[in-house]
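First subunit A sits with subunit B, and in the next complex the same chain sits with subunit C.
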Partner chain A sequence: MTVASPTVEQISTVKRRSPMSETWEYLRRSRSGMIGLFLIVSHLLIALTSPLLVPQDPLEMNAEARIEAPSTEHLMGTDRLGRDVFSRSMLGGRVTLVVTIVAIILAVIWGSLVGIALGLLGGRIDEVVMRFVDALLSLPWLLILLLVVSIMGTDMWIQALTFGFTYGILTIRVARAATLDFVTREFLLAARARGESTRTIVMRELLPNVRDVLLVDGAMNWSWMLLGFTSLSFLGFGVTPPTPDWGFMIAKNREILAIQPWAVFGPVIMLSTLIIGINLFSDALAKAMGLDRSQGAPV
Partner chain B sequence: MSKSLIEVRDLTIGYTSKRGDLVHVLQDLSLQINPGETLGLVGESGCGKSTLGQAMMGYLRHGSQLLKGNVRLDDHDIFDLTAQELEAVRGQKIALIPQNAGNSLTPTMRVGKQVLEAIHLNADVSDVDAKARMLDLLAKVRLPDPEVIAARYPHELSGGQQQRVVIAMALAGLPEMLVLDEPTTGLDVTTQAHILDLLRDIVAELGTAMMYISHDLGVIARVSDRVAIMYAGEIVEDASATEIFKVPAHPYTRGLLESIPRLSRAGIPKSMPGQPPIPGTLPGCAFAPRCTFATDLCTSESPKLETVNQTTHLVRCHHGEETIATDFSRELEQVYHTVEHRLQDEPALELSDVEITYYRPGIMDRLGRDSEPPATVSDLTLSVQRGETLALVGESGSGKSTIVRTISGLLPAKSGRIRFEDCDLTVEVDDRPVDLCRNVQMIFQNPDASLNPRHTVAEILDQPLKLYFPELTRDERRNRQVELLERVRLDGRYRLRYPAQMSGGEKQRVAIARAFAADPEVVLCDEPTSSLDVSVQAAVLDLLADLQRERNITYIFITHDLAVVRAIADRVVVLYQGRICEVGSVDEIYAPPYHPYTETLLGAILEPDPATKPKLLASDTPELGPPAQGCVFQRRCPYHTEICDHESPSWQVSELSNRHRIRCQIPLNELTNAQTDVIAA
Partner chain C sequence: MISLTARRLMLAVVTLFIISLIIFVGVEALPGDMATAYLGQFATPESLKALREEFDLDAPAHERYFNWLGNAIRGDLGESYARHKPVSELIGYRFRNTVVLSTAATLVGVPLAIVLGILAGLTRDKWPDVTVSTVSIAGMTLPGFVTATVLIFIFAIRLEWFPAITLVSTNAPISELLPNIVLPVITLTIIMVAHILRLVRTNMIDVMNSDYVQMAQLKGVPSRRIVFGHALPNAMLPTINIVALTIIWLLGGVAIIETVFNYPGIGRLMVDAIGDRDLVLVQGIALILAIVVIAVNLVADLLTLVLNPRLRTARGH
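What follows is the complex of A and B.
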């Protein structure tokens, strides 16, 4: 039996690490976290480099080679218009990734700002805004997104704004709850008693403490947002054709699912690996940061 | 010896740390409890007291594992029982009373119903019988009007009443043994004394055995027949309460007993440096690194728990017989040292007719606020001398925190004047000039809460330096940090640590260093030692006294512990319901005439000596609201007369000193005659 044996003296010379580097240490030893990170990084790399790498032009139609089974020329076969499914799957995440990454950053920023402010202010403003948030959350969000997109059009940046705004509402609750967790802590009171400015109290004292929660929540929300965006484009409100896009590809190719299943499998594999990757990573991140309460307090 | 009720043998429990190492919590621990016996279990935090208490109920904390040994109850190993069998054992054989009663009651269910549930769980009785039993139980735990209390929700009860309900629930299954894990920690002294009284009577009446876990030796002395001292997952001494407190045989026990401030002795006690090691990691005695008597034998060979001098007194020490031979009471005489103050007859702070009430919440006012609104304070006139330590004493709700928070600018005063030098302190911190903020600093109760867990010590100390001394360069600030750490007796290398990497005492030193970084004139101390182990409490008190002498600083010290007050304060203000009852120097406060409330508080103090008995004067019923007229203490006062109902008492000045004043209707000479000297007794 091996037993850790730091004695009284040894404890004081134990290598000291910041919470950040400790989180990274833990993450590195978590297999699922590393798999998740690998999947996310692979997807980002594919999105960045695929225009140079894909074997076929994803837009080129070929009436001769419609609905072909996988071959050496077309690794995942072709769709109804004779376009290469493999190339389209590789490229199909580019718009999705850009839109959701921009949107999740927006969502975390504006959601946190409002949430932290509400947590600190409390009182009637908090009450009113939170009831408003509850009301918004009770609406079917897909319909709201559809409505906004049909009014505003399917421009990429407008979509990023729309998604950022919608998913930021979820962040408000999380940021507010995390702030409330700390509002009663004496170190904030100590800062106030010292005469520190509100800005310093929020930026230096509060933010480092709620940061973890917001990061994990952002990562989780990102995967929800990916599903949301893909759903929109499945319904035809996402990316303007003929630009390849996973959701739209699944929608169009599901009619030939029985004949050429790879036309659907391609985008599905791409989308699901990304979402699984994000979920694995954010789970491991939560555990590494000690936020996962079911596992007990970090020792 | 009669057959024991529960027997723990060679119990070793460990958990796997985040880094993947196996860390022991309990190490080969053996212990038995006889029927009807009360065993007190004492030790510093991190000694494994709670783990042992839970193991006796068959609980293992998440991630913990049983490595060796067993807990035998009725010839069964409790860890071999099935889930159903365990369920039957818990409640009917052995029941747990946890620390925070408020947390163990369901907030949305009437307390009567919760007790009923406990009754139905343990016995097959009709609803009518169960209801009768429930009211019976509530009466047994001395709750007034059981019918009324039963219909209330937990939040409508005071902390003491909640704890009584939890005791009633634990008694529902008529268990043979109760495990109590610090059940009175966090309650007021008077409430604590009443609860302990109740527990003693109940176990005497029902013949229930108790294992009482506490860090408070006064409480242990009050309830225990036998005491077991725990250190680093082991029992180091196990003997009758009288023996433990009169002739302790283990140096650790002696160290603990010598570190408690006592009502009967003035001055600061001795601290015990160091902290317990992780169990099972030292080759010899686990206490050897902290022990002044340690020899080579102690560091090489682990001692066994053995009897000394063929008695039942068990000690785990190679030198137990030598230790027991030295006279402990004489040793104790030399421990307490008084602190010297350099008082100047020049007021540092002057408060006159200050009134503080509930107020509108605004931006940033929610910081540090619990759900409870601040107590109202009225008619507060007080002058604090430069270099003085003024103690504010009172139960929760007495307004002591409110006063300190007003002085520090966290709450506004409604009316009256608070002056520091030529500055007005009735305004909130946002409206005060920076230099005024610098001069009034605050040390909080719990360093775990008052230090930002995400900042290193360097960052923590840097903030006041940057704020108050913007002219300092980075390097100057760094030198200043090291200097501050050295002033609080910490190594300069602590700069790079995070709060989680320090012990409780070290963290509080950092919090003190942060307050002194501002180079203040007035330091407000909000129970700065109450969250610390007794072994380090004395060291922190000593440090505060030294720092005060160096710069002639004024302290306003909040505490509920009147023994601590006696150790360090010059003057005492006794508060009840936001009003001053009595003011005077320490010696005046601790001798008759007392204000009836002061007498109540002093009477409820538990000295670490089984021979002393607290005097329970006033009831511990909480005040529902301030009295409309008359004396604020009338409802609980043992000397209550008719005049108290109508007329607000005026100040009576003591004949001996014009600075000792008591606000009471009863003439001082009558009070003196009716009262006994708490300290002399």
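What follows is the complex of A and C.
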């Protein structure tokens, strides 16, 4: 019997399971990965500290100083209502970050639970659920988001829930595919043959193996979620004004793009650096974990 | 082969049926109904009740679903009560406009993406690859309105080459449409190229590392023949599905670009319809877009099947 002797997969699994330090070592040597991490951390720090640090009140309107070009007083000038663009840009990601970070954690958790369960169970349930998932993904993503947000409302915590639920559907597919990839491998068959309980198999054999895939998928999904959230906000289905928000600021200040372009550049720079940072980091993370990420549209 | 095609067709029909259900339930769950949309601020409890009775809005949901589905199959998508026009009339030209926009982007984008993807794949980790791959990350992951706004600033405001918004009537002939949609097409093309080229690059790298390509290299086959004769045809096959996926992704978000450029397409109509709770219109648009998505997927799958002899024999009969 080959069951007792360690297979190649088992050996490689043991190595992959070794502390995250190996991944970290690789990440540290990746220049783009470090740039990405730097951008993400900077954004988190800005979001946390800016309410105390911004030079001007982001909500204060000033009829005397409308649509002003950048100056020492207003680093990025002012918008149509005379509000300070720099301060608003610094603060404009706070709601976005809270919603997407909470949502991505929810999405990874519920998506992988369902995906792993479907992969292990197979059969009829798997067939039916996947039909629904595929059908849902045949609808335009913006339509799904608009419908969900119109039904559930734009309260920050509700939005975190709805985004978590919606984007978790993408994770179901990934988690299921990763699970299917492993259920037929010898080390899992061996565990079954040893008579281990399903719980033990999932916790000790399966999760450590699909963890990497799910982490990278989560990072990637975070960037898609940002794209979705800011797009809704751009269309006016997001954060309630006057709370500063990048998507909505870009939508509104576009009208004065020709006269005061910094009113648009401010939020554009902030949003772009965050999204590019996440992608540089998740690309490097995928490489560090030995998953060649051939990233495509999340459909 | 025929049975495989038939099975694929059956699957498309089943998916469409499930989608129609999801759309109906989703729109049904929206706050407000046709009566509130129709009466708007003039709604009184009495007038709402009268209207609901007149149009059978109080009928059980499953009854209304089958009514709607039955009419939709016969080509009748109902009437938009907020806009006082048949849904099919509202969708007509706007759907055509969106098709014109995406077709133009596809015709430019797909060849460009394939060329850049091959270039990046062949120069893996050298400067052409690094440049193309880095730029593509930005093009793919930045929201369409950011890319569009930057393009508008450069090409419409600074250089004044193209208009910042498209000022065409909804039913303008295509010849009048095309000169006005250069910037929206460029925006869509950038997003599309970014998506496709990354996957072409990965395929190319995989194929170039495969045994048969390495064998050819060892045999001393000239590298041009290896790339064009052996690697390319195999790397191209998965591209069909990638192109399909990208078109679907673009259709999902085309509303953003149509809004930025004020382009009269179906995506913008969808956003507006959801905004003012024009439920019948939302249902109609969702159904049309879903049919397009399913059709694109179907064509891509069948095309892959026809072009790949291995797939044909492996699962056929």
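Worth pointing out:
Going forward, the second predicted complex is superposed on the first by the 274 of 299 C-alpha atoms of A that agree within 3 Å, B and C clash if a C-alpha of one lies under 4 Å from a C-alpha of the other, contacts with A are read in each partner's own complex, and residues count from 1 in each chain.
What we mean here is this: a residue touches a chain if its C-beta (ideal position, glycine included) is under 8 Å from a C-beta of that chain, and two chains touch if they have at least 3 such contacts.
As the structure is a prediction and not an experimental result, all values here were calculated from the model.
Of the two partner chains placed by superposition, only subunit C is touched by A:Ala135; subunit B is not. By the touch criterion stated above, A:Ile151 is placed in contact with subunit C alone, subunit B being left untouched. Look at A:Asp283: by the touch rule set out above, it reaches subunit C but stays clear of subunit B.
Once the two complexes are overlaid on the shared chain, A:Val268 sits against subunit C while remaining clear of subunit B. By the touch criterion defined above, A:Glu186 lies against subunit B but remains apart from subunit C after alignment on the C-alpha atoms of chain A.
In the superposed pair of complexes, A:Leu120 makes contact with subunit B only, with no contact to subunit C. Once the two complexes are overlaid on the shared chain, A:Ala63 sits clear of subunit B and of subunit C alike.
Common to the subunit B and subunit C contact sets on subunit A are residues 295-296, 298-299. Within the complex formed with subunit A, the subunit C residues making contact are 14-15, 18-19, 22-23, 26-27, 29-31, 134, 137-138, 140-146, 149-150, 152-153, 157, 195, 198-199, 202, 242, 245-246, 248-249, 251-253, 255-256, 259-260, 267, 270-271, 274-275, 282, 285-286, 289-290, 293-294, 297. Only residues 14-15, 17-19, 21-24, 61-63, 67, 274-275, 277-278, 280-282, 289-290, 361, 363-364, 366-370, 408-410, 429-430, 432, 434, 437-438, 441-442, 444-446, 449-456, 463-464, 467, 496-498, 501, 514, 518 of subunit B touch subunit A when the two sit together in their complex.
Against subunit C, in their complex, subunit A makes its touches with residues 32, 131-132, 134-136, 138-144, 146-147, 150-151, 223-224, 227, 230-231, 234-237, 247, 250-251, 254, 257-258, 261, 264, 268, 271-272, 275-276, 278-280, 283, 292, 294-299.
Considering their complex, residues 1-9, 14, 16, 18-19, 26, 120-123, 183-196, 198, 200-201, 204-205, 208-209, 295-296, 298-299 of subunit A touch subunit B.
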